[in-house]
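Report on the structure given below.
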Amino acid sequence: MNPIWTLLLIALPLIGALMVAFGREDRAYGAAMRTMLVTLIPAAVMLWYFDFTLGAVHQGAASVKWIPDLGIKLSIGTDAISLLLIVLTVLLGPIVIAASKTAIKEDRRKYYAWLLVLQAAMVGVFAARDLMLFYICFEFTLLPMFILIRCYGSTNRVAASTKFFLYTFTGSMMTLAGLIYVVYFVAQQTGTWTLDIATLTAIAPRMPVEHQAWVLLAMLAGFAVKVPLFPFHTWLPLAHTEAPTAGSVILAGVLLKLGTYGILRFAIPITPDAFIQYAPALGVLSVIGIIYAGLICWVQEDIKKLVAYSSVSHLGFCVLGLAALNVSGLSGSVLYMLSHGLSTGGLFLMIGFMYERYHTRDMRAVGGLASKMPVWTFFMIFFTMASVGLPGLNGFPSEVLCLISAFQSDASWSAAHEAGAWGTTLGPWFAVFAGTGMVIAAMYLLIMVGKICFGPLREPDDHHAHEELPTDLSRREIWTLIPLAVACLVFGLKPNLLLDAISDPINQTVAAATTSQQPPQPEHHIDQAEDHAMIEPTDTISNPMTEATP
Amino acid sequence: MTEKLAFIIPELILFIATCLVMVTGQWPVRAIRNFTPWICGIALVLAGMVAAMTPGDPAALFPNIMPYAKFIIAAVAILLVINLTGTVDRELEDDVDNGKPFLPIRSTGAEFYAFFMFSITGLMLTASADDLIWLFLALELTSLPTYIMVAISTHKNQSREAAVKYFFLGALGAAIFLYGFALIYGAAGSTNLSEIAVHFSDNGLGTIGLAGVLIALLGMSFKIAAIPMHFYTPDVYQGAASPVSAMLAFVPKTAGFLAIIAITATVGWNEFGRLPATVESMLWIMAALTMFVGNTLALLQTSVKRMLAYSSIAHSGYMLVGILAGPGPDGAPFYRNGIAAILFYLLCYGVMTIGVFAVLGAIEKRNADGTTSEADDIEDLRGLCKTHPVLGWTVVVCALSMLGFPPLLGFIGKLGLFSAGISAGQIPIVIILGLNSAIAAVYYLRLVAVAYLDKGDKPATVATLSPYASRRLAGVCSAAGVVLLLVVAQPLIEGAHKAADFNAPVPHQTDTQQDQPAEHALADHEE
Amino acid sequence: MDHLLHSTQLAQLAFPEAVPAVTMAHYLFVSAAMFVMGLVGFLTRKNMIVMFLCTELMFQGAGLALIAFGRHHLGADGQTFVIFVLCVAAAEAAMALALVVLLFRHKETLSAQAWKELNG
Amino acid sequence: MINTTFLTSTLAMLQDGHAVDTHAPAVTHAATQIAEVGTGPKWILLIIGLPFLTSILCGIYAMIGNKTKLPAWTVVAGSGIAFLTTLAMYMSFDGTPYTVHAFDWIQVHFSSEGGDKSMIANFSFYIDTLTIYWMLFVTGLATLIALYASEYMSHDLGTSYCRFFGAFGLFVFSMACLVMGDNLLMLYLGWEGVGLCSYLLIGYFYKKPEAVAAAKKAFIVNRIGDLGLALGVYLTFVHFGSLEYAVLFNDPTLLGYIESAKTGDFSAIPRMAQWIPLLFMVGAFGKSAQFPLYVWLPDAMEGPTPVSALIHAATMVTAGVYLIARTYPMFLTSEYALPIVAWVGTITALLSATIAMAQFDIKRIMAYSTVSQLGYMFAGLGVLTPTGGVYHVLTHAFFKALLFLCCGAVMHGFAGQLDLRKLSGLRSVKGWGIVTLGMFIGCINLAGVPFTAGFFSKDTIIAEAFVTPGASMIGWILLFTAGLTAYYTFRVFFRVFTGPVEYHAGEEHHGDDGHDFHPHAPGWAVNSVLLTLTVCSIAASGLYFVGGNKDTHTKHYAQTMVMASTANYESPYSKHAIHAAHDSHDPNAGAGPRGTIDHELSMPIIGGDPHKVMYYVSAVFGVVGILLAALLQGPKGWQGLFIGGRTNAAECRMDPIARMCGPIPKMAENKWYVDEIYHMILVTPLRIISHIFHWIDKLLVDGLVNIFGFLPRLLAWILKPSQSGVLQGYAVSMAGGVTILLLVVFVIILQGGVA
């Protein structure tokens, strides 16, 4: 597959951003929309030419040398998982632009330009085959989001945007330190300082387990904040309530997936033995996240905060799948990434349309909209049911796979039957408690739908009809929702379209992760004198003033 | 003796230019006076090119540090010269325009540029120093002119106060590191750095030698504004005019680091790439404290110059990590060589900081009574992207680069430090480096937000353009540098890597003598 | 060079019991004392000129140490170093006085306490 | 044969310490597998495709703003054709079950050492006698009730009409998926689909807050049940490696478990496998409104009556029974599963019967009677007679739908009036003849009057309860409940339909009250549906005598259908087994493929064989109940037939007695405060916990983050004084800094940190 398409996917939005930034204010929307639609073409071509049988192979690979001394070589290439995530991002692009046509009045050029840059950065992250491009794009998604929240948010947008940026930035600094340690270890083993993910994942598992544990913690510091895993989630509700509609949709749709994608692409392959050690802890955190965030949703008054906490709860399932470390777990979590993007993206679009008309997010001020906005209510119920995980819609297969993987990955169980594909990290009780998340999800989402859509009509007192928008959904708005709804239905009824595509990379990741590549005697292996001091970095960590001479 | 002269041709060029400048600066003809900065510029270009051509001194501890160091000094100095135009003699030139006669007694333009050139010459000398005396003289030559430049930069009390603080504390610092040098000479018996290095590697660091090295390092920490000696930085940077602060941010720091590299080279890194325990632990504490103090105190500042002062302290802390990492075993690749990382980071840091100072210099506040005062408060930058897009974007790009935002130059520099630190096994200090760049993100973000993002809830103060277009040019050049240097990053890194390959003194295979008792009585001195 | 007897040795030969030998330690002690006195003086005195004198004292302290070491190593380096130190000290003195005159003209006082607007 | 320890162990469980009967006859019959599963014709997909098509069409009608009754007719046509296809399927069924594959749904392949296993859950359908049996009355009733609803819902034509019939069509589609699905995930899809449709339909009058609350409550309580089912499904896959019935029920491990279960030693069966039926049970109780999770059904009466008739009386609530019948082999393998099912069913029957006696809203009474009858069905399944349970499902479906539709007609006619204290003597109101007849037939069926369908099905369950050892206590409770059922059924009939004509309009009537209000009699659609249902209810009793199959020794239609399906297990003591053994002199003939006969164990009851005696005993209880109702609730006069003393609609002879026996009737009327208890035990504590979590999140977790964010600022405030601006201050700090640094370094050296 010719790498030009992946390049186009990244370059087109950037060129579009420049055109929009330096174009005319009133034509900003048109230019942005055209760019997004044009980027659909390379995505379609890639999807067409991608050979799914060897899904794990990076196709459309290309790389350009930048700073060989630091091993920096920007290389792109997509395997099945990153291709699907790229297609999700590119699909959300035009939808998000269309949704913010009437929402944004002033400074449109800046808004659309930064949205396009965000799009390019996200595609960059998924298409990156080396550490540097991944890290550059991973950080580069922060800036546009920070700007979107900062300039186009509502009341306390300043605090929200700063917390969002700093929380993720600190985490990613720790990840950078961890990853460079891995690169150093690999350079030390193979002699070349390469940032190429493939070589890293091939050699890094030889690291002794204690080093792997530290590296895993460093990586998780960055990715857990992004997911957001339970204790690190407090930035998400703030960011969501303050972000404009488009920001929220992209944040929930794709940015949260960077965390789980990072874990899938870095944490599991690079530090497999440590991951197996820490997977139960990860499982516990995600289960707590599911129930804890679910219950908080129940008492929320602000609708966006409610859906934000629901994303925290839903992504708990995704991480549970990853922690189970077996084929159904990983495929379930990848499926979850895609389906959560669609359903929660849809939900945020609905809330955005309602916010444009009623300018309030408080569930007490608005109610019984079914009588005034029937089409809106239909889509609202549709997306609610999708995120509740109604069978037949896309939430269900992913939830099934994540829960089954938790059941399967019971140590006693897989020992009795067969190791390998079944995983040994979690157990039935993880699945039972995570399952209660399904009930709690039904509770808070139905309460939200009940309060807003049904019951007697309640409107904020100062409500006046929107000058441009009709009371119910306009044609443009419906066209933003239809692709998401169709995708939800199609992936609900035919999840195997995705499952077969990603089965190859998933099987390889699981196989690699579960076979330990620990060298027989880790000590003698790293015996070059120069790194003798390296043997116990753990104690260097504990007391800063380490002595040099042995 | 003459072969040494070959190494200092660039300094000679600069010296000639200095004399020329002293003359043209006082010239009654306006055109000649305006030509003075051009002379400096041309001299610097010439010096830079000559320096790049001349090979380094093979006998020195860092044989080919000279070409690379002098080249980046010349490059950044050119940026500084562009930025410095119009700092002094502004009223005088206005009066001359209004027909008054040119009174040489009132003009300080000549001295200003002369002192600047002296300082740059001193800086280049530090780069080529291979002797304690040479190093001491070069350091003094670098810093003495800057005291005066700070004093005459603005005709206000604040720059005089800055000058007095800078001078006295500078003198104190100089005295301390001189005493250090004395002790080092005492311990090693020779002032030549290579011989000292050989002596230390043979007989180890005696108590006097250790004391000498520690006191010298502490003295020199004044130059790079590391922890114990950082107190002067915020007041001096705020007091001096922006262009002069820009110069202070780069010149003494580079001199300091070159000197520290020379001194730590004499002490030498053992086969595990670690400095002797005492030196390493002191440097470790200094680096950690510098980073934390620099970053945290910057959070509270409302004045941009004070914020940049603290940020420069923090950056010194980052660079100290490179010293801790050390050059690594001979022939170590770039990712292992801390010194190379420092040399490259110096360039990145120089370009970024000068960018923001240039923008500050490029705009000024029009007070109610018609006089213009210097733009210093962060509010002056509010909505700059709307009023002056070019300057606004310069601030944004430079601030993001200082933050270490990935694709920009600052990140590549910081990545060099990160990998050097980790490869040398200095994990805890690298984690502190990571944490601190996160803390730093707060105030750099505030800069970016004020310049670019805020819708200007509060009315933007009218920051008008200062008459001197050259400062805008300096700002644009540094912003362009931050972005374009990325393209040529590889050659620069190779240069830094070549400059930093350290030929450690080979310990003579003499029998393991006992440590000579340092203070054997003068009387029983036997042949 | 080496056939010359050391002056102190001559003194001991001539008056063996009377004069105790002056070793390098004594010189180092004196130079350290001068250095510390200069430092303390710098910290305590308010008058700027006296403060500058104290820095000069510190410089001379270092110079003395240099001479002592030079004598110890029988090399000329120490003394050459001192000569340069003296000339640098002279340059500083010139600059210090110019600066003090400039400050006095504006604040009518020589005390360093007057200058503390820039802080925080 | 499940030996006697089976049920006695449950009693032991309840009254711990009771001596366990050690008698354990040996197992003789090898477990025969279900006949090979073939693949069936594609036209079967019509049954599923048509209802889905009708719901899509209704969606389109809503979009184009159709105001006519077209949606109703589309749904009636759709369900009608589906019913005819099911009939054709039944006719052409030759006994071997087959699957029809529509398209692939979820397939995940694991490559592991033990060969690559895979999880297959396709959109395909498994047809066997149980499916046909269920689909017949589901599609049949759906058509009838759709016809009834076409007129009943005619007062709000337009988008709401389309929305109603769209959800109706979707419901039939989901029920079809549930019943006909070939794997447990398809069952789960149908399970949640019917839950969604019941949510949409209960919340049809979305303007009324109580309807919205009821819909939400229904969905959430169902969802709790669904959680149990989901976990059961996942556990089945993890344990048995497959979800498809064809593979699952022929799984050698499962059959092995059944064998060891027969010998009574449940220790051989792994604990994981024993959890599966318990989880399925939670799902069944949630959907079929059994004791712990029944609270949603009475509130579901907020929905329109056709909804209550179809979903909350006939089809959806029987999904739980279908689940247990379908996965019956699994229930056999668990030690405590069937006993719990039996006991929960019995308790629910008794509890809801007592509540129904004290209610005044006739729809609420019917709702509680449905819960009670479902309790009977579960009791039937629990006491090892799937035939009895499943047959009761069929009969109950007909007469309960009939009763609900009559109540609906009454409500429709009297402007929403449902309180039996405000209606009396409808029998003699013009135009209400058919409704009264329908009501009467329904009531005698429900009460279990001899020779009615209700009587036969209820009687088999009670008889089996007495026959199965250890379950006689259940039998007595069921008998007593039968009496209560008879009482409250005829209480409604006598209060509403007999006695002096007196009626008051319900709240939907707009004019002022009084005599100018005249109820409008039901139209032709309603009457025709009521008539057909009456005929069906009567015909259902006929099924008890017809449909027997000689070679499999099945006595009647329901038994043949059940015996040929996966639930083909028959208690050795059942009447059928004894008859079969008697006819063919082979002791094991009558038992299902997994059971053997042991005659002497049939426990005599009141001196006779329970099967024979039960006709008379339950008949007696039924009639006594009816007489009591007539005495206490019936009107005065009319040739002395009615011995009751009621003269008007409001009071009756029961009131003084009720006042006399204190708080009990008041508590019964308030549904034993179960809702309030739930609210107190579950809802409020959970809400408090959520608020606590919310505060933890806002203060603790966020607080910690802010503290970490604030630390640098705090450090800055501490260090700020060091920049005092005074020259001497700086000098002192510098000197101090230098000395401290040197001291610290030397301390490190002295400490020997060097080594």
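In order of appearance the chains are A, B, C and D, and numbering begins at 1 in each one.
Assume contacts are C-beta pairs under 8 Å (C-beta built on N, C-alpha and C of every residue); 3 or more make two chains touch, one makes a residue touch a chain.
All values reported here derive from a predicted model rather than from experimental measurement.
K.L.:
Would you identify the chain whose C-alpha centroid lies closest to the centroid of all protein C-alpha atoms displayed?
P.N.:
A
K.L.:
Of all chains present, which has the mean Cα position farthest from that of subunit D?
P.N.:
Result for max centroid distance from subunit D is chain C.
K.L.:
Quick check: how many Å separate the C-alpha centres of subunit B and subunit C?
P.N.:
Spacing between the chain centres: roughly 28 Å.
K.L.:
Quick one: subunit A and subunit B, Cα centre-to-centre, how many Å?
P.N.:
Chain centres of subunit A and subunit B, defined by C-alpha means, are spaced 43 Å apart.
K.L.:
Using mean CA coordinates as chain centres, what's the gap between subunit B and subunit D in Å?
P.N.:
80
K.L.:
In whole angstrom, how far does the Cα centroid of subunit C sit from the Cα centroid of subunit D?
P.N.:
For subunit C versus subunit D, the centre distance works out to 101 Å.
K.L.:
Specify, in ascending order, the residues of subunit D that touch 2 or more different other chains.
P.N.:
720, 723, 725, 727, 731, 748, 753-754
K.L.:
Would you please write down the residue numbers of subunit B that are in contact with two or more other chains?
P.N.:
Residues 164-165, 168, 172, 176, 234-235, 277, 281, 300, 442 of subunit B touch two or more partner chains.
K.L.:
Which positions in subunit A touch two or more other chains at once?
P.N.:
166, 545, 547, 549
K.L.:
Between which chains does touch occur?
P.N.:
Chain pairs that touch: A-B, A-D, B-C, B-D, C-D.
K.L.:
Residue numbers of subunit D touching subunit B in their complex, please.
P.N.:
712-713, 715-717, 719-720, 722-723, 725, 727, 729-731, 733-734, 736-738, 740-742, 744-746, 748-749, 753-754
K.L.:
For subunit B, which residues count as touching subunit A in their complex?
P.N.:
Per the stated touch rule, the residues are 270-277, 280-281, 284, 288, 328-329, 333-335, 400, 405-407, 411-412, 415-416, 418-419, 422-423, 425-431, 434-435, 437-438, 441-442, 445, 449, 452-453, 455, 486, 489-490, 493-494, 497.
K.L.:
Touching residues of subunit B toward subunit C in the complex: what are they?
P.N.:
Going by the criterion above, the answer is residues 132-133, 136-137, 140, 144, 147-148, 151, 157-158, 160-165, 167-168, 171-172, 174-176, 178-179, 181-183, 185-186, 189-191, 234-235, 238-239, 300-301, 306, 519, 521-523, 525, 527.
K.L.:
Any idea which subunit C residues touch subunit D in the complex?
P.N.:
39, 42-43, 46, 112-113, 115-120
K.L.:
Using the touch definition from the top, list the residues of subunit C that touch subunit B in their complex.
P.N.:
2, 6, 8-9, 12, 21-25, 28, 31, 35, 38-39, 42, 48, 51-52, 55, 58-59, 61-63, 65-66, 68-69, 71-73, 75, 77-78, 80-81, 84-85, 88, 91-92, 95-96, 98-99, 102-103, 106-107, 112, 115-120
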